[in-house]
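Several structures are given next for inspection.
Two complexes come next, and they have one chain in common, chain A, joined by chain B in the first and chain C in the second.
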Partner chain A sequence: MSRRTYLIKRVFQAILSLWIIATILFFLFRMGLPDPTAALITEGLNPEQREAVRAQFGLDQPVWQQYFLFLSNAVQGEFGTSFSYRAPVAGIVWERLANTMILMLAAIVLAYGIGVPLGAWLSWRRGSRVDTAGIFVGLMFRSAPMFWTGMIAILIFGVTLSLMPTSGMRTLPYDAVGFWDKVLTLDFLWHAVLPVMIVALYYLGSPLLIMRNTMLEVYGEDFIEMARAKGLPERDILYKHAARNALLPVVTQLAVTIGLAAGGQVVVEVVFSWPGLGREILNAVRTSDFPLAQASFLIMAAFVITLNLFVDILYTTLDPRVSFR
Partner chain B sequence: MKTKALRFGAALATVLPLSAPVLAQERVPSVEIMTTTEAYDPIRYEGAFIVAEAWRELGLDVTVSPLEFRTLLDRFYSEQDFDAVILGWSGRVDRLDPQFFLGTLDGRQAGLGANNPGGYQNPEYDELYDAQSREFDIERRRDIVHEMQELYMPDVPVVILFHRDEVVAYNNTTFTNMNAMAGEGLYSEWVPMEAEPVGDRRTLRIGGPQEPDNVNPLASTSVWGWKWMRLYYDRLVRLSPDVEPVPWAAETVEAVDEVTIDVTLREGMLWHDGEPMTAEDVAFTFDYYMASEYSYFNSYLAPVASVEATGALSVRFNLSEPSAPFATIALSQIPILPKHIWEEIENPGDLTPDQIPTVGSGPFVFDRYDRGEFMSLTTNRDHFHEGEIAVDGVEFVIYADAEGVFTALQTGQIDMTAWRMEPGQIPLAEGNDDLTVVSVPDFGYFHMTFNTRRAPFDDVAARRALTYAMDRGRMVNVLLDGRGEVGTTVIAPVNAFWHNPFVERFDFDMDAARQELENAGYSWDAEGRLVR
Partner chain C sequence: MTMPPFLRAAAGPLKLMLQDRLAVIGLCVLGVIIAMALLAPMIATHDPRQINEIEDGSVLVRGTDTWELSESLGPLALNDADHRGNEALIVGREGTVWERDGDDWRRVQVPVAADLHAVAFGPQAGALIVGDSSTVLAQVGEGWRVIDPPRPADLRGVAWIDPDSALIVGAGEEIWRLDVASGDITEIDSPVGRGFALASVARDTDGTLLAVGARGLAVRYDPATGAATLDRLGSSRDLNHIHIAPGGAALVVGERGTLLRRDGPEARWQTDTAPDTRALRAGWIDDGGRAVAVGRNGIAMEWDGDAWQLATTESERHLRALLIEGDRWLALGSDRFVTRLAPPSAEHWFGTDHLGRDLYSQNVHGSRIALLVGFLGATLVVLIGTNVGLIAGYYRGRTEAVLMRTVDVMYGIPFEPFALILVLLFQPSLLIVILAVSLLTWRTVARLIRSQVLSLRERPFVKAARVAGASDLRIMYLHIFPNVMPLVFLELAIIVGVSIIAEATLSFLGLGPPHSISWGGILHDARLSGAWRTAWWWNLPPGIFIMVTVLSVFFVSRSLEVVANPRLRARQ
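Moving on to the complex of A and B:
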């Protein structure tokens, strides 16, 4: 199979998966979540008034009609109007997604930037005290719930030491023209330190352990012995020969992590009052804001699917042994 | 008289099966108590178990079903598919007028989706309900309202479990003269106007986990939208901190007769864009609301037939029927909108956030709203009330949860909480010298409503007995940590003018409960299960 046919086939599969997910989302929310006007009762609205609101939301139309409208709009990148905000969903989601991604990507880069070389190094020192300590720390932060580590961090650095800001992305109020104007400031960096550290520490465990364990497997391979026989320095064997071959599983893990990052770490966003997509999704589901919930989940799904596709293609470059079949 | 007839009827119904020959008594059907999930509200969740425990002691088969909040609302209001439900009504200022809470027992509001899901029917009560709504003489209206409470209480269609105090806190090193208001806590419309800075910062910073759904006065359906908007829109009347209606944008409000109300506006009021505010604006606003699809104010607007500007500063309201709450409630809730801005907007409900006009005439001027993060207002130095306002502006910082709000309060990032604190935070706040904790009684309530269409709750005696078996004192002492009050009628004791303290009480008494059941012909089988 040629590279081109393979690509076309994979892209087609991706679109099919997206359509299936969109359909499931649409019906799942309508079946699983209560009527979005239910909460208005506590505001004292009577049945006719609620009916009027339903009509305003377009919920009085037959479900299949709503479904086709949703699909045709989604194809054009239109996700309708949020029930509660009365604002176009697309704008809200993209802004929140950017806030989430900057936090998550910073944390992921940090975690993998440290985790991968550290994992390789630990495997080289396997069995030593450093190795045990490294595994312990990685596992500990991987298993400690982030709301707890986050709250402890706020308590120590924010409340007791008064060193760090405890919430938000910037000191309020601030004026920013667009996203980059908002984040390319020292003030943003200052606010990002704690949440990024908390997420990074959580993520650190995966690349660290995967790298370490894969490296141990690679050490048993013939080409390592060959390299040793050639008298190469241990450092070169480690980083140039073994590490490269051990990267594949880490790359897979990285892609999955980035893909899921779109949904954010709700817990961290809540603990640090970070205005990200995760918090928004939580609110959307709580208030039965169908358009907002659908769009958020669909974008998350698109992220995961795209990244998987990307990784599959990347594999062929990283490892020539993987062929198009 | 009617109540006696009703009880007599119930007694008859219980006697009849007994007199039938050899008819074995049947077990009373098992009941399901629906409540919130523990995560949503641990108090209502635990409360359900306190009730269930005592009811089981009476020989009833009881299950407790915690439901996700909106599902619970749906089952209760939209489907009326329940035996007994624990829910609550929030005490919004406009509900201090007895109209709304009394309406929750109005037999004509028992349809699907309406406010009387328990289906209580009492024609005499409904007649009095109409009478009080027409009665302009406030003393006479109070007498009717008192009579209604006395009338329904022996039937217990609903049990008011408790009124929960709102516990909020402010930073006493930054602001003083912070007077909490019943039902509103500190985030009332008066606190920003009364607060006096004692520190360097002259803008009052409020922090809360809730934000407006939107700030479109023709689309917002949340309390949090209106709590903010009322600071920059004026109303004709405002309710004082003691909940007296005081003329605000209106100089005078005068009832010409039962269905005609004349309002004269203050002289010299300006919109925030410098245009003068006139009677035309008032008439336009009411017409605009009545013509719009926005239904949030419909119940307030229902009695209005027409509104006309009769002079530059005088407006006449023609009502279709006499309505006692109109002058206090409707006039204190409807914001006045500038005609010259809104008259050109055809579908106001469809405005996107950047298109929504924010020009009001209120004591504060809209400055900015950054969704999910921050809102701010500046003080309107052209406003007639300006001389009384010490702050330069009001800011609202939005946090993700109560934990974030409390951290901000502790670290001095905000001056006061907009919403109640979590139980665990209260002792921490009390132990902090910089913080003042305020406990405000609420006139909203948590209730258990019986479905009076279903056995065993279709029987007055059973309802009375099961009410005796509710240890509401324990709920207040244990679940609320003493910060609240056991309920009596739908009108809370703190709403002293309308509350009737001389009604039948159902203090916790298991013997009285058993006695009530025995008198009505219930007994217990060999396994201790309740039968009739």
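Moving on to the complex of A and C:
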């Protein structure tokens, strides 16, 4: 199979996946919330307005027509109006998605930036106390739920030491025009420290352990013996020969992690009141804001699938040995 | 009897695991936690849902801006206090009497065990204590003499008429005049005579005595005529306590924040607005315009000259008495109060939460849901994942394509938001939580098992079985399955950890199985109450339990990885 056909096939698969997810989502919501406008009565909406909303989502039509309306709306990026924000859903979702991604990407970069070299170093010191301690700490943060480590971090750095802000992305009130205006400030950086640290510590374990274990396997390879025989310094063998060849499984893991990053870490967003997409979904379903919940999830899934697709394509470029299925 | 092959395959990993120290530690810790879950009702010291109350001889001292909790006087509630010069007495339940001893308090032994309700020092010498079961105690030198009552009664208040006699009032509208020297008691007819409880009595500046009680009842006794007459204070609420200052200022407090104040001996009684409507149990006023009242749930209010201001108190204990000497203000209590947010103690090892529930017991019970969801969820995940992997890997072709594309689709669904939506749409229940935890997680298991099966199905023993005429099912489950067993166990262990965290996450978001106690749920309560920012004992233990459980599962899975992957084994 040529690279070209592989790519086409892969894109087609992604679209198929997205369609299946959209379908599952549609029926899940219809099963769970047969009449989403029921929640609107408490909001003080009069019957005419309610009928308008019902017509917008085609709730007065048979299910299969609703389904096609839903699909065609989704393809056109038409997600309706949020019940609680009274604003177009799409704009809200994209902003929240950006908030989530900046938190997740910063944390992932930090985790892999520290985890990979640390894992390589631990493998070099294998069997020592440092090695055991490193594995232990990595596994420990992997085992502790993030909402708990987050709460403890807030308790220590926010409440007891009063060092860091513990909620939101910026000190309120603030004016910012657009996303970058909001993010490119010291205030934002200051707010991001704790949540990014918490997510990064959680992610740290996997690059650390994968790198360490793969390095150990690589040490057994002939070319390492060869390098030793040539009398190269141990440091060069470690970083120039072994580490480069051990990177691949870490990159695989990184791909999966980035691919699912859009899903975010709902609990971290909740604990730190970070206005991300996961927290938005939670609030939307809690307040029965059905257009927002549905659109958030669909856009999130679309983003995850697109990221997966890009990562896969990038991966085939990085490692020529990967055969095109 | 020979072991079936799959059992032998299962026993192998166990033997290998026992050689790994970390795995043994993990297994031990896991064993302890499983034992904790199984024996939870026996290990827990309290019912985890029960709201705990305790009684305590509480003392609150008025500090610069708040009433601070001071060292308790014994385990029994304190009901009343009085002082004369440097002497001071506090009385409480079950015959509790405390006497000032320098800067400290000394417990005094009295020959009764009834609840004592009131104490009063005589104008020159002596003191009287009255209480339930017609208890009347008179101080004689260093000791206490029991005065024989004329009939059974629960006595509530006492005040001296002159150095030789005192007036005692009781819960059955008793008004008794006591001659202290002889111990003779004369019963005086109440002007009402309907058995209304009298709660407190005080000597007024004109030499008469004023008693207050239920439904706003006020009775004035004039020692000169020896008769009691009805008085009106302008309230019909139950009145609990009266205090009259030497210059004639007076304060009566009662139920639902009743405050009746009189500025001088001739002034009219006026009803003040209280900043809180809970029951007030004791009041104090002086002629210089200072006044204070205390009541249930740590309510303390102070008169600032124009209005009553609520003071901050360090505790929600029920305050029943005041002891005011110059600038030293003490508030005393406390009958049974809810032990909210109590730090760890011998009674509550992990402290209590905002409703006074025992956190140690909650944590112990919390292990049940964690392990139940963890193991059930993981079993379900491995069951689905292994079968999908086996079938996809063995049959190949169209079956494989359909199954593995399904797995691909699942990789496009972010786990946490999906679980949230599932639980929120279909009402949280144990089943939905387990489903939410396991419905997406099987994707990794299916992929792993399939890749393993792909290589196994080309092995000679599979071909041999096929030639021998074995059915597909037989080959899959009797020949291939035992060979992927170590991998299955490894995945099982990893997913137990994942499921435990997933359940804790859902519970933390308030979406766990309803009416259940779980580690995540404890943290949910803590976050919701807002008190977690101070009550470290509330949010520390559940997280540690989750971490230790998942960590030990990881240790076990790490050694299973060695079992599943012989290359790792050879190297170590």
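Note that the second predicted complex is superposed on the first by the 298 of 325 C-alpha atoms of A that agree within 3 Å, B and C clash if a C-alpha of one lies under 4 Å from a C-alpha of the other, contacts with A are read in each partner's own complex, and residues count from 1 in each chain.
Everything below uses one rule, namely that contacts are C-beta pairs under 8 Å (C-beta built on N, C-alpha and C of every residue); 3 or more make two chains touch, one makes a residue touch a chain.
Remember, it's a predicted structure, so these values are computed and weren't measured experimentally.
Who does A:Gly168 touch here: chain B (first), chain C (second), both, or neither?
first
Would you check which partner chain A:Pro275 touches, where first means chain B only, second means chain C only, and both and neither mean what they say?
first
Look at A:Thr185 in the shared chain and tell me whether it touches chain B only, chain C only, both, or neither; answer first, second, both or neither.
So A:Thr185 meets neither chain B nor chain C here.
For A:Arg50 in the superposed arrangement: first (chain B), second (chain C), both or neither?
So A:Arg50 only meets chain B here.
Does the superposition put A:Asn245 against chain B (first), chain C (second), both, or neither?
In the superposed model, A:Asn245 contacts neither chain B nor chain C.
Contact-wise, after the overlay, does A:Ile152 reach chain B, chain C, both or neither (first, second, both, neither)?
second
Taking the superposition as given, does A:Ser17 touch the first partner, chain B, the second, chain C, both, or neither?
second
Looking at the overlay, does A:Leu33 come into contact with chain B only (first), chain C only (second), both, or neither?
both
If we overlay the two complexes on their shared chain A, which of chain B and chain C does A:Thr316 touch? Say first, second, both or neither.
Touch partners of A:Thr316: none, neither chain B nor chain C.
Go through chain A and flag every residue that touches chain B in one model and chain C in the other.
Of chain A, residues 33, 151, 154, 159, 270-271 contact chain B in one complex and chain C in the other.
What residues of chain A sit close enough to touch chain C in their complex?
Contact set of chain A toward chain C: 13-14, 16-18, 20-21, 28-29, 31-33, 139-140, 142-145, 147-149, 151-152, 154-155, 159, 213, 216-217, 220, 259-260, 262-267, 270-271, 277-278, 281-282, 285-286, 293, 296-297, 300-301, 304-305, 308.
Give every residue of chain B touching chain A within the complex, in rising order.
68, 70-71, 73-74, 77-78, 89-90, 100, 109, 111-115, 213-214, 216, 219, 221-223, 293, 295-296, 298-299, 349-353, 368, 370-374, 376, 395, 397-401, 403-404, 407-408, 410-411, 413
Which positions of chain C touch chain A when the two form their complex?
Contact set of chain C toward chain A: 405, 408-409, 411-418, 420-422, 424-426, 497, 501, 504-505, 508-509, 520, 523, 526-527, 532-534, 536, 539-540, 542-543, 546-551, 553-555, 567-568, 571.
Applying the document's contact rule, which stretches of chain A touch chain B when the two form their complex?
Listed in rising order, the residues are 33-35, 38-50, 52-53, 56, 81, 84-88, 92, 96, 151, 154, 158-159, 162, 166-169, 172-173, 269-275, 279-280, 288.
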